[in-house]
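Below you'll find the structure, written out as structure tokens, and then a few comments.
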């Protein structure tokens, strides 16, 4: 991996610090809440990044896992009177059970087939929720009481309720981010990458596809579940249409725009959401939209390896320019980073 | 007149150079053989001509520069390339393979005549027209590839190891056919061969490639006579 | 909104109804198959493109008062041209990109077309005139609407035309060859890029037919084809994704199954979509080549 994409602890700390003080000095009430959503989304994008960026498995169905998480939280609070903080881990775990269930068939599906199957899951999830209306409240959805902090900071007016939501989401996102970094640096991460590069070679090296692919789906779904739970808590409401295929798209697109297979990718992707008004609109309206589509296509043209990959390419180009002293004509192939970069023109014998 | 001319052609796969400045001339109506050890760059030279690999340098066909043009446009100028590995369209039937060779032609009558001519060269084909090409043997696929290229009615025919995998007797037959295509239809031919002896017999002139550059060139019969060339480059 | 059967009617009636609605899935599945065959990709925007075409037809018929029989061929041709243009402009830059890039670009198109339909024509539900008379005819005691017969007839006709095109025409052969063997085809002078564009054009045209067949039944809004797309996926997968014949069989099987589920499983209305998902997963797991799929020819 390239040094630029692997920022040292100092950069992470700096970013975290920035995120920690922003709502106190910079952000107003609404932006603070918006950023609380962004942190939730960041968690979902980390999940995609693990699954797609590191393990090479496409999922357009993570909105369904967010739905499991969101509804777990809402139902436990509304029907069983749980404390909302306790529901968050349960949401993650239940979603990861769903992830395992999807992971089993996904074992035998690749590329376009996996995309199709998971897309079908995302499309059908809202109607399933609607079907079990005794539990889910049907199309009406479930309203839950606004989250109160356990330390009394909001009631003593040390924090606004938006700031509480913000910090809660930030802390959870940071913890889950660190966990993902740690996990990916172990043999699990190596196995994921091996599967991404070549399943055949991975098997030859003794990597169990069944185990690690299912694990990747489970982890990704866990992250989605937690994201869905935070989404429900932030909104104090869930409805079937909050978790439609548009949300899946938002997750995948964010992760791709940030840069799949890079640590910083999901963060860039999540940050991007705030700068892109149409994008946030999707989050709140969950309606596909023209500008979003145009943007998505333009990004795929110009930065197939995301912002992180784009920055790295610029950097590599700059260094080559300096090293060469003068511009060189296109002798060297363009440097491309990550899975999503296009392969060189086929040059082996024909099919 | 030179039908094809390469001048200082450089070609690379990624950052790896395969041709370091190849220059050669193919006279209209001639048969040119390209010889050389494995990895010398023979296939790459053909791929450079039909735009299958990125090149620098000049490539002129019939006076027009074709370097950097897309493969299909080069083919449309009248260059047929039977690639290494034969390019068999294995899920299509034998007949469909032949039809694909003629797919750009607008003279259905002449196409039918050409198909008959192909049956003349390769009689076995006639009874297997409906079979998927995948079911042909390696040598049969080689013959199909040559036949398909003939269906294009090219001005220049590039053949990459036409004898590969063929029984010796069939090889002689193939080279007969190549000579016939050349003499009767006036098709200029450039062929890459491992079997230098037989290639030099058919060819008018020859180039020997070594590590991506032309080492020796000349009239085919002179190269065949030159003992030192034969010993050091052609191995017979 | 979904096609739904009246549970009070008899089994034969349900099956007829299932075949008719299955024909709708079949026609959109055909469009998916056409693109899959051309470039081994799935166009996630297929349904939205069809909806857009259908809206254009609706506009011509309501605003300009054109007759269905003029509008229909015109919209088919327009969609064909639009499909070709879309491939040349939008898809071409990523033709050789990895699968994920392709998927995301077609998802981008999904957003664009859905948004465009909503922006231009709004989200109110419109009625779309049917070309077929409403009165049913009776065949052996089973009442069949002309509408249903029309749907079945149109998708069979589409299948037949596609079959003829690919097996009997030179252009069809060139398109097949380009899809399977792009490099060999280029060497024979085939402009492979344009063959792809043609594939998109055909697929957009077939999609338009599908949309104009569905709209009278489901009534028109920007999300018209979303559920249809899911079942078209199901149909295409069931039929082996690159097999037009399989797609039609698959569509009809899905239609009949859905009708039966609707009749015999109480309150199953909301579960129809997930039924599609389950079928997709099961087929991909146990018969990845589809029910009527044939393995590729290889020497043994």
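We call the chains A, B and C, going by the order they appear; numbering starts again at 1 in every chain.
Note that contacts are C-beta pairs under 8 Å (C-beta built on N, C-alpha and C of every residue); 3 or more make two chains touch, one makes a residue touch a chain.
Since this is a predicted model, take the numbers as computed values, not measurements.
Novice: Given the contact rule stated at the top, which pair of chains has the most C-beta pairs in contact?
Specialist: Going pair by pair, the biggest contact count turns up for A-C.
Novice: Using mean Cα positions as chain centres, tell me which chain lies farthest from chain B.
Specialist: Taking each chain's C-alpha mean as its centre, the farthest from chain B is A.
Novice: Using the average of all C-alpha atoms in each chain as its centre, how far is it in Å between chain B and chain C?
Specialist: For chain B versus chain C, the centre distance works out to 44 Å.
Novice: Can you compute the centre-to-centre distance for chain A and chain B, using the mean CA position of each chain? Integer Å is fine.
Specialist: Comparing mean C-alpha positions, chain B is 53 Å from chain A.
Novice: Based only on mean CA positions, could you tell me how far chain A sits from chain C in angstrom?
Specialist: 32
Novice: Which chain A residues sit where two or more other chains touch them?
Specialist: 350
Novice: Indicate the residues of chain C shared as contacts by at least two other chains.
Specialist: 180-181, 183-184
Novice: By residue number and range, which residues of chain B touch two or more other chains?
Specialist: Correct list: 52, 83, 87.
Novice: Flag every residue of chain C that touches chain A in the complex, lowest number first.
Specialist: 40-42, 44, 90, 93-94, 96-101, 103-105, 107-116, 118-119, 180-184, 226-227, 229-230, 233-234, 237, 267, 269-274, 276-277, 280-281, 284-285, 288
Novice: Under the touch definition given earlier, write down the residues of chain B that touch chain C in their complex.
Specialist: 50, 52, 70-72, 75-76, 80-81, 83, 87-92, 96, 99-101, 103-104, 132, 134-135, 148, 152
Novice: Would you pull the chain C residues touching chain B in the complex into a rising list?
Specialist: Per the touch definition, chain C meets chain B at residues 170, 173-174, 176-177, 180-181, 183-192, 296-299.
Novice: For chain A, which residues count as touching chain C in their complex?
Specialist: 52, 58, 60, 105, 108-109, 111-113, 115-117, 119-121, 123-125, 127-128, 130-131, 249, 252-253, 256, 260, 287-297, 300-301, 304, 339-343, 345-346, 350-351
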